[in-house]
Amino acid sequence: MDFFMDFFGSIGAFFSGVASDFYQTMIKDGRWLLVAEGLWTTIYIAVCAVLIGTVIGCLLALCKISKSRFLRGIANVYTTIIRGIPLATQLMIFYFVIFAPMGMDRHLVAIIGCGINSGAYVTEIFRAGIQGVDIGQTEAGRSLGLSRLQTMWRIVIPQAVKTALPTYTSEFIALIKETSVLSFIAVMDLNKAGDMIRNATYNAWMPLLSIAAIYLLLTFGLTKLFAILERRLARSDRG
Amino acid sequence: MKKALAVLMAAVFCMCSMVGCSQKKQVTIETAEDLNGLKVGVQGGTTGETWVKENCPDTEIASFKSGMDAALDLKNGGVDAVVIDELPASQIVAQNSDLKILDIRFTKEEYAIAIRKGDTELQSAINAAIADMKTSGEYDKLLAAFMPADGEVKIPDEYVSDGSETIKMGTNAAFWPFEYTEGNQIVGFDISMSQYVAQHMGKKLEVVNMDFDALIGAMQAGSIDFIAAGMSVTPERLENVDFSDPYYESEQVIIVRK
Amino acid sequence: MIEVKGLVKSFDGNIVLNGISEHIEKGEKVVIIGPSGSGKSTFLRCLNLLETPDAGEIWFEGEQINTKKCNINRVRRKMGMVFQHFNLFPHLTVLQNITLAPTLLKLQGKAEAEQNAKRLLARIGLLDKADTYPNMLSGGQKQRIAIVRSLAMNPDVMLFDEPTSALDPEMVGEVLELMKELADDGMTMVVVTHEIGFAREVATRVLFMDGGQILEQGAPQIFFENPENERLRDFLSKVL
């Protein structure tokens, strides 16, 4: 009997300890506001960056499959350089060397930096998607009298999008996680918010685990959301 | 299609409006409270950061990995002022002729070695070593070596210990002259002092370099035994770690563009 | 209608077409046979410039089409092409597959194009499939729809590139039947195929290609009964 009392007593103590830790680190002094702010920063930077990355990716993917050696060269140099350098290093170069001396805001540099980085990966995703569409589709379109552009836009791209979507969405999710290096240029993203709570409370595990849980919820939720989208798009493939 | 285009244009417009909102402006700061309303760079996890947060609630704080990054951002115009400990500040200003230290002093603080809460054995061993260092004159020698009047730092010989046991010291080697890198070596006042302490205890010293704001967590997790990183004693830190006797008295200063 | 002069084409140094000259009149049904690798598909694909010839001239309805000046997209509207692997657009319904090109090229309004497509589908008995996606159809159905997709452009000539080679045997008949109907309607046709029976029955002229050249040609009766060329005799003995 005593054993059980001790056992449940210690479990109770553990949970009340967790609760008080949670209160101390996340609730007291409105620290959750810091987390909310960090989460918002992470999301809007990731979303803006993925928009920029998508635009860059579209253009460069078209460059990569174009007949012009010059355009292909540009696209290849871009993807080689950007994919060969870690995001943190790139961000610091973009900020400290290139954009800050021009008087650009850190958040904007973060968006542009992540966008340029993501663009290189999206380029490869789109290129693979376009080249994955059977050449016969292009031939069928062209032999009906459609122009190269019409064939690309109405026949190849819709199919490429469908095959590229799963890798494209996982790139977006990867980007959300990668924004955690934004603290290198003093942008207060979700990860940095956790750092700041750690610095204020000197409690390491509660802020870290809380931040981890938020990242997980975010990425898991998006994965599920995109899976639904993919299923919708896959409708015509049933049979 | 039209919707996507509209969203894109809105995004471009937003970004354009964000450009140019951070011009290098000339600021006048006469008291520390004048930092309110400015953009202030700090090193993450330092007392400078805490002080600005508590005393100047209207500042926009940019928290960098090192004081040097904050100073670089100051030069670039990303922030208007940097709050940092006086000795690293003097080094930064010496290397960057376009920056200056303001003649304002607002907090006195004391550096001490941090140890895990309740580790009284280590605490008293370190305190004994520091006391011994002061009476033997080694302390003054280190001060003279790392903070000489002429500014010419001469790194003293290593205090070598032949002990078999290792003790791990955590630091953040971006804080001249207490800890910084010279070639591929981490050197500085704190390093030499810790060598002395380790020698005094008959142990070998291992230096672990990490971000300043990761130090306390790392010690709590047991991956380092003590912290010597120009760390000031503060009430908040005292709730989570214990400190040795202080070994240096410092101040926070404000750096701005000339 | 189609005039080819001295056509040469090589891939990576292998000569596939070695100086072909040929003339195809309006209303002719030309069937091209030959062993695989003989260049017959490449020849067909050169006619609407899916392959660009290295040398030679291709004329269609009085216009040389393998020049920079020629708007090939405009020419292709008048040349329907049917592929071995159908190449239906999997992301579009059957109806959309048929109406895409006429509406996109503004040859027909949407309603007109749909009405036209439905008439064509009704003709091949697949009107009930108008709103399904290609992946739900059998190979024979797909190929018949691919033929109808080309017909929707009202072409002057139809090119068939081994239209039955990818089909299960029981589906070959329905496709050939549709092609016969087209022939009976007076369509000009160029057909690359292995279906000797079809050639005998429908062709007005049969060409035998091997090694990038046309080695023999003639009306089917003469062509099949009295082959002169050694290699044609050899080929026929294998396929008949």
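Labels A, B and C are assigned to the chains in the order they are written; within every chain, residues are numbered from 1.
Everything below uses one rule, namely that a contact is a pair of C-beta atoms (placed from the backbone, for glycine too) under 8 Å apart; a residue touches a chain by one contact, two chains touch by 3 or more.
The model shown is predicted, which means the values in this text are computed figures rather than measured ones.
A.B. asks: Provide the labels of all chains in contact with chain A and in contact with chain B.
C.D. replies: Common contact partners of chain A and chain B, which must touch each of the two, are absent.
A.B. asks: Using CA atoms only, can you tell me which chain is the most central one in this structure?
C.D. replies: The chain sitting closest to the overall C-alpha centre is A.
A.B. asks: Using mean CA coordinates as chain centres, what's the chain A-chain B distance in Å?
C.D. replies: One centre to the other, that is 32 Å.
A.B. asks: Roughly how many whole angstrom separate the Cα centroids of chain A and chain C?
C.D. replies: The separation of the two C-alpha centroids amounts to 48 Å.
A.B. asks: Centroid of chain B to centroid of chain C, CA atoms only: how many Å?
C.D. replies: Taking the average C-alpha coordinate of chain B and of chain C, the gap between them is 78 Å.
A.B. asks: Using the touch rule from the top, collect the residues of chain B that touch chain A in their complex.
C.D. replies: Those in contact with chain A are residues 7-8, 11, 15, 18-24, 41, 44-45, 49-50, 62-65, 69-70, 72-73, 76-78, 213, 216-217, 220-221, 236-237, 239-241.
A.B. asks: Taking the complex as given, what residues does chain C use to touch chain A?
C.D. replies: Of all residues in chain C, those touching chain A are 48, 50, 73-77, 79-81, 83, 85, 87-93, 100-101, 104-105, 133, 135-136, 146, 149-150, 153.
A.B. asks: Taking the complex as given, what residues does chain A use to touch chain B?
C.D. replies: 48, 51-52, 55, 95-96, 100-101, 103-108, 111-112, 183-186, 188, 192, 195-196, 198-204
A.B. asks: Per the contact definition, I'd like the list of chain A residues that touch chain C in the complex.
C.D. replies: 134, 136-137, 139-147, 150, 154-155, 158-159, 162, 235-239
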